[in-house]
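These notes open a run of structures that come right after.
Same chain, two partners: chain A is paired with chain B first, then with chain C.
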Partner chain A sequence: MTDVAAMGQTTKDGARFNQGNRLVGLLSRAGLLLAILAVILYGSISNPVFFTAGNFVNVLTSMSIVGIVVVGMTFVLVVGGMADLSVPATIACGAILCLALQAYIGPVPAFAVAVLLAGVTGLVNGVLVGYVGINPIIATLGMGTIVLGIVQAAVGGVIVYGADPSSADFVKSRIFGVPMIAIIFIAIAIIGNFVLSRTFWGRWTIATGGNYSAAEASAVPVRAVRAGAFVITAFAAGISGGLLGLTLQSARPLVGQGYEFSAITAVVVGGVSIMGGFGSIPRAMAGLVFVQLLTNVMVLQGVRTPIQGFVLGLLIAGAVALDIALRKRGVA
Partner chain B sequence: MPSAASALHMRGISKVFPGVKALSGVELAVRFGTVHAIVGENGAGKSTLMKILSGAYAPTTGTIEVAGTDVRMKRPADAQRLGIRMVHQELNLVPDLTVAENIFLGRMPKRLGFFDRGGMLRRAAAVLAELGTSIDPQERLGDLTISQQQLVEIAKAYAADPRIIVLDEPTSSLSEHETAALFRILRKMRDAGIAIIYISHRLKEVLEIADEVTVLRDGAMIETRAASGITAAEMIRLMVGREVSNVFPKTPSVIGKQVLSVRGIGDGARFADVSFDVRAGEILGLTGLVGAGRTEVARAIFGLAPLTTGTIEIDGAPVTIRSPAAAARAGIAYVPEDRKGDGIVPAMTVRENISLPVLRRLANRFGRVRRGVERDLAQTYVQKFSIVPPDGERRIGLLSGGNQQKAVISRWLATDPKVLILDEPTRGVDVGAKAEIHGIIGQLVANGMAVVMISSELPEIMGVCDRVVVMRDGRASAPIAREGLTEERIMALATGEDSAEGEAA
Partner chain C sequence: MSAFVSTLLRYRVAVILGLTLLVAAMIVPGFVSLTTLSLGLDRGSTIGLIAIGLTVLLIAGQIDLSVGSVFAVAGIVAVMLQPMLGMGPAAVVGVLAGTAAGIVNGCLVVFLRVNSLVATLATMLIFRSIAHWMTASQPIPGTDIMFSITLSEIYLQVFTVRSGLFLVSILLLHVWLTRTVAGRNLFAVGSNALSAEASGISSDRIMFSSFVFASTLAGVAGVLQSLATNTGSPVYGSELTVAVIAAVVVGGTRLEGGRGSALGTLGGVLTIAALTTAMEFQSVPAYMQQVASGLILILLVVLDRTVRTGGKTRRKRCPRLTLFISNR
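And now, the complex of A and B:
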């Protein structure tokens, strides 16, 4: 009987109840940071180039383009929208229009129009997924194919070159040694984090992903929230594509290929649940940093590309398995 | 006496989860040919005990004897081999298969190595007939009513030739009429020598069907007694550790003007021509058999499903409701029937769950939710309704059913609604929490709110409501005033065994 009484008490103040879970929870939070440190440590020991300012700036720059997409993709996963596969098309849309329109309307309006049109793609995705109820994978795959087709037809399937070198200079400029493109990425990540973790829209996003019916029955505009995640991702991909185009000063229709999987990998490795309802921008960013550093180390060490793909594949499988295991234990 | 043979003996069963002791030293002895009820509040350890019995969990300490032999069960298949079958509260059936295919799922009869369809149908028909049901084994399961599906689930367990059958809240979706039919089946199975373990919150039913009753509280076994030697009041006292005097208290309130008026609404499919009014300070009961259309009516009024005909008025003015958000603006709130499915967002905290419908109001002009205001709001309700643990930052999925329900009700009170629709607000919650929820409803109407309460439980409907509307096959009866309420009258209206004249209130 004393046993039972003691049990009731510890359950009440929560101390004992949390202890077991706290360890697992801590592991799920700090595990990734430890992994990042391990990669940095290994990279520094194994390769003289790794731990240099030059290399870090390179990593940061290449991270920025995919990182902006990651911010949007986090919303898609958290809302329970699985993935946005139209990202390569929206990136291409951003990159090609941003360069192609420069000669006619100037670099800044060109950038704005490119991003806006990418956003329209997201709006169609959002309506298809949120309001019509089409499976997100199918809807975004279809939309991506259509948009890519339109973009290709518009530029005649050739490479588009920039007309205004000063715009490239702006993107490549540095503030205190940090590339402008990285600053834009970090600003977008901070805004994304604010929206997801602090605003009512972010809370609605998490609630809709956590339990769609319950959110709906709590007067959350679930359809709009679901659609919104795809609009956000399309805008992010449009910006990302525009910056990519400006950096390269050339763009082909397949310029965005592979970014969707890089973004999904980062988000999933960061521990954002593929089933929705759980995740944050900082987590996704940690996943991004880890994946990018790991890739960088592998490249520097001369690991062959197929093996790199193999390692990243294992990472995704491992992260998803962990997500499911944590969910079963009620931590995530 | 053959019934003296021991079917199951669990000794000194303890189960420790990381950080919690769910069971400590539980003893359970069940004999063949008896119905053994297990009662206890939510969180008392019934589910854990049954999961151990079904092989889903391994006990931390203790031994299990089935039919006098020590057994060790590592997985559910082990328990099934030993002849232990579970009938879960949530049905484990495939809607697109036929009744017969469901009954023999995973163990289809074979002849010469090939699937024997004829043999399966014959055996399914035999089992169903033996249980005294008239369900056609060739019918698609999804076309059956929920209560018929429940019987198929039981038939599935029975067809496996079990020694022990465990039923977890089998009557929670059944009307009283269907419950009586279920009990006839259970008695048949008992008389065939099967040991039946019966878990239920409904004490009246326990007294009716059980031979023995075991009470669990806080993970410990409190007492096992012959059902003939115990009363419902005693069971409640053992379950909660205190006397609960009046199970259904009715606080008198002043009934005011009409708030919600529903006129001839229909959805073109599951209900038609439904009309009723609810006045300030009044609790209107909406009852009937499962599948009569009660939940569909509530969901349509709340904008979760479209209406094809009829009008809804709030305070005498017609309103158009196409979404829950519009319903909330009109002053209508709805607490859904399926708490886990439609009520809570389990991974969110109690605070976040409570603030959900009013989140926009809590945000500043940048959309940022004002944490301090939100925390105060949640804390107000946590204290007001004594939600346990009294911590708004706890994930709601970790709370007991009753406390989750209090949080879901709080969520809607924060919108300051004129009408509150509660769909089976006390289903699956324990006795103590039930009384608390009734207390909360009583307070609300005392403050002038209009309440519509859907319930299948007649004592609850009769104890709490001022007027009652009975639904049958998508049609609503005229309201019956409290004075004219009898169980017989409600059942007659619900089952249609009454002539039409009786419906005038």
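And now, the complex of A and C:
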């Protein structure tokens, strides 16, 4: 039964490769840039604070933490892994361990250990998804629950505070007015873009997401590539969590809540296909900029938090529905 | 020997449930009693009612991650409208709110062809926001505190209203899945929506109704929870999703669709209920309970995966799911 279903799927996968794609892609990218311009325009008119250097630095800082996760999440979506829902847990792992271990082994080793352990989570996710073949959503949902529980158990389920103020100063320091955290984010985004668009690993990632069987037949190590996307995301989330912990100098277990959705929203709004095989870091970054600016405008206009969540949810659903509709148009 | 192993695997729900109960009975003092059974059943019925809807949806090859949020919204609606409509009608409207949520999910997946995982991920966010918005993030008290006592009254020394409702519903689901044409069609759609369509079954209609059914039951569970606690809270149900999916998957329902059973889900729900009750008796912290339910979920899915691929020819190793069907 499932074999027949599989064959039905493969034919559908094949239909994705068509000439319409490029035009549609161009259209959707230009559309997003227009949307960003519209938000900037609206923000500048409606609120005098919006178009100031101070506000943009704020946006950039808040963007950075999510942005690092977005880089990893792009790999997951492009490889056809749908989403990594263990991100809140890996962020919490990064943040809590980074602060909790400071007192014992110093800030830099603590950061390294925290990121490494987050990476191990990603490795388990990767093995489960890539090698065992479990539905990524279920695997990462389950792993997220487990890791969050273990991290909480490790620190006794309480809020953890930092022990080394100098590490906080480093993260909050600025170079030519740009926050250090934003510089780290931009560096990671550039590396991510390089890997995805210029290296063999990136080509394999896109090939695996585009057509799993064809990639496998072309001797692409499809399982390792799928697993790799989750490892990358977990490392990114670990780094992001560590930086978040250092910035806040305190970490509670639910510190990473919501970041998975913010990251997925950014990637999907950027036009990266949830079906895999198509997407790039710059697209995801455009999506991120749009979502963050929109959120910023909503905050400045005093829109209440629940409504912001509502708008983000609508954005995800709308963006995916639009993606599918455009694709259909491209096929016809 | 291998026949024995395969029987064991086939009835693994019963084996797991038996082992859980055995270990709990040995470790936890005072576990073996009617009160525990009644308590566990009542506790399990919240997960169970949602699990019934999710079983149907998973068999149809779809998933709903928004059930936890629907659970909260339905409960809030039922409590908020009590002063205006009275208890009964308010509860009905609460359940209808769940139905409406299901219609939204169904429209997204069936008409707009959004992958059900993504669609319900988005609606999970949206419904949770609505819950916070309606209540201004505050828990809302109901009008009649005595009614919650009526709800938790124990009949025949074992059953509460909730657990009775759950047990009756799951038996009805069993009959529906195994004895009726509609139930059979559901399996057909879940196995292969295209072939089902070709054989004259309206896959779209069945998927749509499955979404409505799942959300309605999440609504029923949410309303009952709110009535039992006399409170509508926007944070209700936020950690239910993993437990419910775990319960359904422990029961042998496949995430890929086309396979599953009501009695399996019953076993899964009872296992999770026994486990949480036992852990609460031993005052295990909440986060360790989460670790346990996460571990069970992962282990069971891994077992399911390896057993299946080990037996047959490994033709289809690609983990992309039939869930993608909705993306054509």
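Everything that follows uses one rule, which is that the second predicted complex is superposed on the first by the 303 of 332 C-alpha atoms of A that agree within 3 Å, B and C clash if a C-alpha of one lies under 4 Å from a C-alpha of the other, contacts with A are read in each partner's own complex, and residues count from 1 in each chain.
Keep this in mind: a contact is a pair of C-beta atoms (placed from the backbone, for glycine too) under 8 Å apart; a residue touches a chain by one contact, two chains touch by 3 or more.
For clarity, every value in this text was computed on a predicted model and none was experimentally measured.
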First, second, both or neither for A:177, with chain B first and chain C second: neither
Which superposed partner A:278 touches (first chain B, second chain C, both, neither): first
Superposition-derived comparison: chain B or chain C, residues of chain A touched: C
Which superposed partner A:203 touches (first chain B, second chain C, both, neither): first
First (chain B), second (chain C), both or neither touched by A:309: second
Touched partner set for A:146, first chain B, second chain C, both or neither: second
Contacts of A:82 with chain B and chain C, given as first, second, both or neither: second
Chain B versus chain C as contact partner of A:54, first or second or both or neither: neither
Touched partner set for A:213, first chain B, second chain C, both or neither: both
First (chain B), second (chain C), both or neither touched by A:221: first
Common interface positions of chain A, toward chain B and toward chain C: 1, 3-4, 8, 12, 213, 216
Chain A to chain B touching residues, read off their complex: 1, 3-4, 7-8, 10-14, 16-21, 194-195, 198-201, 203-204, 206-207, 210-211, 213-221, 277-278, 330, 332
Chain C contact footprint on chain A (complex, rising order): 1-6, 8-9, 12, 80, 82-83, 128-129, 132-139, 141-146, 148-150, 152-153, 157, 212-213, 216, 226, 253, 261, 264, 268, 274-275, 304-310, 312-314, 316-317, 320-321, 324-325
Touching residues (chain side chain B, partner chain A) in the complex: 17-21, 24, 218-220, 302, 304, 323-325, 327-328, 334, 336, 338, 341-348, 352, 355-357, 359-360, 362-363, 366-369, 388-389, 391, 394-395, 397-398, 411, 415
Of all residues in chain C, those that touch chain A in their complex: 63, 65, 108, 112-115, 117-119, 121-126, 128-130, 132-133, 137, 191-192, 194-195, 241-242, 245-246, 249, 255-256, 258, 285, 287-291, 293-295, 297-298, 301-302, 305-306, 309, 315-325, 327-328
